[in-house]
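Labels run A, B, C and D following the written order; every chain starts at residue 1.
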Amino acid sequence: MIFASDNWAGVAPAILNAIAREADRYGNAYGESPIDKAVEARFSEIFEREVAVFFLGTGSAANALALASVNKPGGAVFCHRDSHIVEDECGGVEYLTGGARLIGVDGAAGKIDPKRLRAAIARFAPGFVHSGQPMAVSLTQMSEAGTVYSLEEIRTLTAVARERELPVHMDGARFANALVALNVSPAEMTWKSGVDVLSFGGTKNGCMGAEALVFFDPAMARDAPFLRKRAGQLFSKSRFIAAQFDAYLKDGLWLELARHGNAMAERLRAELTAMAAARLAWPTQGNEVFAVLREDDAARLRQSGAVFYDWAEPQGAELKLHDTESLVRLVTSFATRADDVERFLADLRSAEAPESLSAPVRPGRVRD
Amino acid sequence: MIFASDNWAGVAPAILNAIAREADRYGNAYGESPIDKAVEARFSEIFEREVAVFFLGTGSAANALALASVNKPGGAVFCHRDSHIVEDECGGVEYLTGGARLIGVDGAAGKIDPKRLRAAIARFAPGFVHSGQPMAVSLTQMSEAGTVYSLEEIRTLTAVARERELPVHMDGARFANALVALNVSPAEMTWKSGVDVLSFGGTKNGCMGAEALVFFDPAMARDAPFLRKRAGQLFSKSRFIAAQFDAYLKDGLWLELARHGNAMAERLRAELTAMAAARLAWPTQGNEVFAVLREDDAARLRQSGAVFYDWAEPQGAELKLHDTESLVRLVTSFATRADDVERFLADLRSAEAPESLSAPVRPGRVRD
Amino acid sequence: MIFASDNWAGVAPAILNAIAREADRYGNAYGESPIDKAVEARFSEIFEREVAVFFLGTGSAANALALASVNKPGGAVFCHRDSHIVEDECGGVEYLTGGARLIGVDGAAGKIDPKRLRAAIARFAPGFVHSGQPMAVSLTQMSEAGTVYSLEEIRTLTAVARERELPVHMDGARFANALVALNVSPAEMTWKSGVDVLSFGGTKNGCMGAEALVFFDPAMARDAPFLRKRAGQLFSKSRFIAAQFDAYLKDGLWLELARHGNAMAERLRAELTAMAAARLAWPTQGNEVFAVLREDDAARLRQSGAVFYDWAEPQGAELKLHDTESLVRLVTSFATRADDVERFLADLRSAEAPESLSAPVRPGRVRD
Amino acid sequence: MIFASDNWAGVAPAILNAIAREADRYGNAYGESPIDKAVEARFSEIFEREVAVFFLGTGSAANALALASVNKPGGAVFCHRDSHIVEDECGGVEYLTGGARLIGVDGAAGKIDPKRLRAAIARFAPGFVHSGQPMAVSLTQMSEAGTVYSLEEIRTLTAVARERELPVHMDGARFANALVALNVSPAEMTWKSGVDVLSFGGTKNGCMGAEALVFFDPAMARDAPFLRKRAGQLFSKSRFIAAQFDAYLKDGLWLELARHGNAMAERLRAELTAMAAARLAWPTQGNEVFAVLREDDAARLRQSGAVFYDWAEPQGAELKLHDTESLVRLVTSFATRADDVERFLADLRSAEAPESLSAPVRPGRVRD
């Protein structure tokens, strides 16, 4: 009953097979092999236009290098206050841009409020050197609160960015989960809605370690090969990232994996909503359920072997917890089994839980 | 007949199996899983003392973060003029240290000359702020010229570093190849000889992508967890790096893989030395042979399907080539088959080679 | 009637004389002249302990290098939300630290609220690598709202910092104004109250351009000479900064200059408080008056030749303005003449103002 | 008899007067005052085209920000091996560019050899990501060896840079000395000869602290206002830098000051050349004389009160010293008095020198 994170899961079998095939042969290093090139071309197909794509090892690197590629001195990046780049990357964006600043913008359910975004940008008067200068807007799709921006919401935010000619980055660590939730095309969810550069994540959805930085205008990627190499993110055996993506993107595997994860979360959501013992913090739209449980229920579930994180109470007034309640995050994935979900739900329903060895509990705010 | 680089090879079967085992189960993310912890402990056994170890995705990252962990403002790192950090990492050390400078020191056959090292350091008068300040010495074992420092040579250089209290970094991208060449213990080749921090490479010797940053004094590693995370080098599925190392370090597999690579190079070396048509640029001590061939021979071998790089003529007076000669690098690995070696040698010996489709030839200096 | 900023003023005559004396002779460059050394020693007298002091050209450089000297990877600096380093230095701290993050903490009247500070620091769990790590607390004395922390308030904040072993920086751009407001010793307002490193400003209080970075524990300054030089802040004719400080610190000139500035502000404050046409946004404690005026009054004063800035409405709920009101900042200095103050007050009192050519008006938020 | 450096001199009287005038009045801060704007316009006149100019406090800052304004990831800057940015700025360029690398190119008498420059650039194959990428060429006029590039030499080097579309920076810390040595116009020595961005130094030639960063194509300066501010180089009382330049550039004062310095050096050169006891290391073309003296003569001169630096023996084979010889640098300036020159020469000629108190001697390589 592992609901800790989708990156606690292993690797989808088809993806492991692709790695195994590649393991047994030679291939050019540093992204120059045939499979690297083929998968790069595949991204252009997937996104219905010529894109420049760079394989990377981590989503943090993708985010930081995306923003480094639009860097400005004194640059400010506008993103949600609770976004991964703010909360969980140890200042990676600041470091790899040499000092850009993240401006956390508020908004309900993990989504940037467009009016607050405009107001935050407006605090930077054009040419007023003391403040620094706006350099980008960064959205997270799906968001850190498990919600998904609609196409209209994305377009509203990118339009606000365009008012000041700011490029828009999308952190797509859970891109596939959002995509199948919206049931739209990759193009619609990105460049057709005003997104310029994308962190395309595979790791959380069944890959071993496969992330890509995607530029929808290849001209924006002029420095990206050097940015990637200089950051220690050009893998000599890059073709093993390519091989993962090859299988991931073949015959819609990536969408199928995401649909399974989302369906498991939907089952949790539906049942939790029906229980008196739980309520949802935010709408569940992808593969994450944020639930408010009684502390003793949470403890009991953990004793039964469930693994999940307590989640930090959000800073604003959005959600109020009673003293005896916990906000917990339940993440599903391609690897989640339906019977684990049912067992979790049954445990929560039951007044009495079996004694068990204590499962690992990590208190407090832990994110991934 | 791939002699392009050891990172063109695939993955050793036992290592692939370890990945496959891990793929089928859950595990804590971000380096917290049992296998991560077990393999960290294994490094302490291998090195016969408590070490602090950090798994990373690339050797460039390991080198840069090793030096970032001993960073100083205006800091100068002394290394061989032709070292990988100087020639092949796109300024990664400079970037990830926020501006350290690499001082290329000369020395025959890819090894730093101790007198020149002392002289280079001496140009930085203590406290003379205009020059900046020495911050580290970095050795490459085995070197970029395919040679191996003896223990005595390492100790001589680390003693020079100690005169100015400089920490010593070892770039061990081909650590195992050097180790079996010297037939000494990992401890002897590192901390017992004055090395403080090591980039321990697995990727070139049969792993898919597994590098480790090893501190022999854990106190030096205080900031390393943050350095790793901030650089986008803390992998969520870090346990797949750990799994690779688990298999790699089990039952001496790593040494066995390296011995095979070295033996293949030794076979090349021995035969090339005996031919009129070739001579060695530098002694072959590990898994790299640097040979001077006639240009037409090199072209003919490539037509027969051999893949190898031309190598840049070194900057000093060390090696002089005739106009009709090429310096080429032949790299062997765990995956090199003896019959490919024999075929290569036979092709070189034969006056006439079969016509074939042109194999990919990348002219000029290419390193990895 | 210039109330725009204290850095719009010129140079106090005694300080200009000191420059002139120095102009006519030779002296060692780069901070090695006798006057540099003498003034460095003078700082130790002023602060009643041995300090390490570094002359610099700007307060922004002092702040950034102060924080660079306590830098950590993923480091977070806690400061007031409206502090100069957040609002007015174009990301200089982030840049010169290579990516530290500023965490803006709230608090009334420009002063950090100790409880909020503790809560902000507490969000960084020790060793939790994803968040980064706390690295310093930075106070501004006097604050950007024209208020002055009492010794007790400083001690409360530095005690909070000590709970997590964080060094404390004080941005003392208006150090002298705060000091005479409190009527305490420099030692009491700094190290005796838990401050570790100080940006000591002279420029706003009658110098031409003289700032100093002061470490109360010289051991903390080990890298500071290199940090200063590397940042382009070691002036070849550094002795002209030293000469300014020499005169500034002689016979209490600096305190006298600050007292005059404060007295002029006190006169403004007292009269504005008594008028129906104005109210104070925050208490006036030094040489800055933040007043809420009617927009038409502000316009009229400007037509009469008064120069002052509109000030951005603070972000919190602290201060509410009517649609027809402006928040303005009136800054006095050593150069403010009493009759300019009286003329300004008279103009504000009068119902009708003389027509005049339009004086320069810079709308919106402008700080210094 | 101060020949230590031109930055040991004070301030020319007309420049001090300009400061004094400004001291007695108010003026807008941060470069917005009328005199700032007027002097900016004056630079366009001086250079015979519209330039973008930024006042700064130090030459190191000017050099670093010039190169930061043409920054590229993995960027390499080609400059003379002994240039100030390599030898004497504590890694400031590397720091403020976030990791650019300086490639020291050899060349006689402090001047870059064009063939070596082309060869050094050629080592960076276009698009070969491992090496990084060329980003600029930086010339020093006059050079660190006291020599002056002819217009033809400048044009040859800038043409080499143009072959790879590299912008050209000129470090003009001693711009005026070079200019009067060549007797050409500022435009001819810069943009008409292919220079794109200039560090224009006033400090060494009679200013107190006045440096300017000049872009000959204002479009290149788009980010420069933010670069300057972010680096802590936008002075609140910037008008005092402007005032220095105002006097400096008025009625040819700057050229007159430089001519005096050069004439004093020419006198030294002419007499030293005629003596058996001395020889020149390099041609004297501006205000610096590099002389080889007998060590005992150098010691004796210092005992007589002469102050000058020993200079590091250059790294190449250019100049060989006997064991009993010293390479010394004698720098003249606007402040050098003819009778000090004559006394120095007389002392050197005389076999016996008067006993005196030992004057400060700083051994070894010290530069400025």
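Criterion: a contact is a pair of C-beta atoms (placed from the backbone, for glycine too) under 8 Å apart; a residue touches a chain by one contact, two chains touch by 3 or more.
A quick note: this is a predicted structure, and the numbers were derived from the prediction, not measured.
Measuring centre to centre with C-alpha atoms, which chain is farthest from chain C?
With centres defined by C-alpha atoms, farthest from chain C sits B.
Which chain pair shares more contacting C-beta pairs: A-C, or A-D?
A-C
Taking each chain's centre as the mean of its CA atoms, how far is chain A from chain D in angstrom?
The mean C-alpha positions of chain A and chain D differ by 51 Å.
So what's the Cα centroid distance for chain A and chain B, whole Å?
The computed centroid separation for chain A versus chain B comes out at 34 Å.
List the centre-to-centre spacing of chain A and chain C in whole Å, with centres computed as mean CA coordinates.
41
Got the chain A residues that touch at least 2 other chains?
Within chain A, the residues that touch at least two other chains are 30, 73-74, 89-91, 95-96, 98-99, 129-130, 132, 226, 229-230, 234, 368.
Using the touch definition from the top, list the residues of chain D that touch chain B in their complex.
For this pair, the touching residues of chain D are 73-76, 87-91, 94-102, 123, 125, 128-132, 312, 364-368.
Where on chain C does chain B make contact in their complex?
Checking each residue of chain C against chain B gives 30, 68, 72-74, 98-99, 127, 129-130, 132-133, 223, 225-230, 234.
Considering only the defined contacts, which chain D positions touch chain C in the complex?
2, 4-5, 7-11, 13, 16, 19-20, 22-30, 56-62, 64-65, 89-92, 95-96, 98, 203-204, 208-209, 226, 229-237, 240, 335, 368
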